[in-house]
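Below, each structure is written out as structure tokens.
First chain A sits with chain B, and in the next complex the same chain sits with chain C.
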Partner chain A sequence: MRRSVFIAGLAAVPLVLGMGVFGTGRKGSITSAQEKMSTMEVKIDNFSFGPVTLKVPVGTTVTWTNRDDIPHTIVSTDDPKAFKSKVLDTDEKFSSTFSKPGTYPYFCSIHPKMTGKVIVQ
Partner chain B sequence: MSDKKKDELLHDHNNDGVNRRGFLKCMAWAGTGAFCVMQGGVLKSYSLSRLLELNTTEANGELSFVQISDSHMGFNKPANPDVAGTLKAAVDKINGLTAVPEFMLHTGDISHLSKPEEFDTVDQILKSAKPKDVFYVPGEHDVLNDDGKQFLERYGKGSKGSGWYSFDKKGTHFIGLVNVMNLKAGGLGTLGHEQLEWMEDDVKHLKHSTPIVVFAHIPLWSVYPEWGWGTDDSAQALAYLKKFGSVTVLNGHIHQTMQKVEGNVTFHTACSTAFPQPQPGKADSPGPMKVPAEQLRSVLGITDVNYVQGQHALAVVDSSLA
Partner chain C sequence: MHPFDIKTVLFAKHAQHVVLIHFPIALFIIGVLFDFLSQWKNQRLLAAAAYYNLLVAAIATLPVVVTGILAWQWELEGQKLKGILLMHLVMGCVSTVLIWVVWSIHTKTRRKQQAVLPGYRLPIEAVAVVIVALTGHLGGFLSGVNGPG
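Up next is the complex of A and B:
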């Protein structure tokens, strides 16, 4: 009995993973009841934002993930600031939804040489 | 590196360094701190691992103090899972000095994430050090989320602005500067107009023969701007110090020892008590460098500085914790 549960569990893993990939691959399909939404990711590695410039459609939620061993922030350079994260330690995330078209430059306020921008079209 | 001259070590015990231009740097991973001795108006700095080689004449001056830096309390990644242990090791070395230093300077990044318990831990560990006075300047890790409010409450009593101040000890004028606030996108460390004006006024009435020691977190000279290792408006600050015969600048931030002698000014960065960082441009980023556990303590340390009147030279040597 125990064995069969185990096998079933194993079989379920790729299924769940597959759904996960499918779900994010077809952005917005799950939340079709609401207005079309999508998410995009920016990874922080080696003191840099990747991609440095991210182009997204209006309504996109951008999520930054800090994958460095050192904390970083995501702070808009506009005045007033369009967005500002708290300090992100390793593997912590910050999200911001972009509802208006435009160019949104930002930087890490701890390591100001780290800059990036989100272009919303 | 092909340029061997650039990696030359400066172990200058002969007080002949002041007219030597160029980039002399100690790239050996040695010393989280410095033992500093003021002798005759000139500051000398020794790595703790070399203290046994010092004779009493060298170790004794009008004034001696210790510089430690970048404790990053709260950091727990593989580069050093025990930053409290390595800070304690630094304190043990300080307590092992035959002449008890007058005080300690901490050149910032006391904490890793500006958390109260991180500051508490450092305060607790430093209480066991024989020198009782500690003078701090903030690193960027100490002013996260609250624009430095907590730092000022804890360490900034009697300071101006975001935490700058000066004091005198046995004829030497010390200036603690803050260059980690209001950083601008794409830029380096910043002192800002208000602080520069204060500094100009602070040194205006001092005699030219007064030895000056400036300490701040981010280097006040251009170590490697590509990684943000420099301060945008430091030239203005240094211009106010041109009239003085003996100027020493002590910084942290880059987690390695480097030195530069330029005219009357000697620049020196201290190692971290927590983890080493790569040499400029020698890695993809300035992130923590992982070294084998048995080597870690050899790349961490404290810096001692010793000051001698009447000679215009500075020697800085860092000692490792090993």
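Up next is the complex of A and C:
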């Protein structure tokens, strides 16, 4: 009886280890898929944000890329500011992660006519 | 935004610099033009017109420099400048100094009651006009006036 229990225990070890390995693998693939989905991009071109209004799920990281020849900034209009970038030269990027639902309007502090909005749902 | 909304105009943290900059640029360029004309036509009236334009241009640089620095401190929180912004700042400072140098040459001549302004002022004025124009071009580029926007 004891011997059969011991053998059963030995047989269970690779099974448990295998489940662990496969389980980790599946979790990893899900995480990478989520990471891919949770990054959105806003392009700055010709003195405008594109898209002007971006709807994203909670936890999304939004990356702004300056494709203009002119420096721009990305500054939240909320008080206190939810996010604020340094001055972005051509091809420089700024990212912000949105962990709470809500509407986040923003503008370029050098060119206040440039406005945009991130809606987190 | 209503164009005559005084509150918006006064409290826009960056806007005054963009508005005020036109005064020293216009006055200085016209002042230099009058000075060149006075040299060519040998007319004291044109020299006097040049002097007063340069005087007001020099005075007008003061609020422009102040509002420019305030825009940098308020809107960009004084962060380290680079690229076009840094070039605009440096050339703006050089332009201001040159405007004051040109005005001081004219003032010294008037105080000494000399009839003839020194000839070396003309190349200085020409260089100053070019630098002022380049600074203004960069400013226009930054504000989007000279750009595609």
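Definition applied: the second predicted complex is superposed on the first by the 84 of 121 C-alpha atoms of A that agree within 3 Å, B and C clash if a C-alpha of one lies under 4 Å from a C-alpha of the other, contacts with A are read in each partner's own complex, and residues count from 1 in each chain.
Keep this in mind: a contact is a pair of C-beta atoms (placed from the backbone, for glycine too) under 8 Å apart; a residue touches a chain by one contact, two chains touch by 3 or more.
If you're wondering where the values come from, they're calculated on a predicted model, not measured in any experiment.
Student: Pick one for A:115: touches chain B only (first), chain C only (second), both, or neither.
Tutor: A:115: touches chain B, not chain C.
Student: Figure out whether A:46 sits in contact with chain B (first) or chain C (second), or with both, or with neither.
Tutor: both
Student: See if chain A has more residues touched by chain B or by chain C, and give me that chain.
Tutor: The partner making contact with more of chain A's residues is B.
Student: Please work out whether A:107 is in contact with chain B alone, chain C alone, both, or neither, and reply first, second, both or neither.
Tutor: In the superposition, A:107 touches chain B alone.
Student: Common interface residues of chain A with chain B and chain C?
Tutor: Residues 46-48, 69-71, 73, 86-87, 89, 109-113, which sit in both footprints.
Student: Would you pull the chain A residues touching chain C in the complex into a rising list?
Tutor: Going by the criterion above, the answer is residues 46-48, 69-71, 73, 86-87, 89, 109-113.
Student: Using the touch rule from the top, collect the residues of chain A that touch chain B in their complex.
Tutor: 46-48, 68-71, 73, 77, 86-87, 89-90, 105-107, 109-113, 115
Student: Can you name the residues of chain B that touch chain A in the complex?
Tutor: 75, 77-79, 112-114, 140-141, 144-145, 183-188, 225-228, 284-288
Student: Note which residues of chain C are touching chain A in the complex, please.
Tutor: Interface residues on the chain C side: 12, 14, 75-76, 79, 81-85, 141-144, 147-149.
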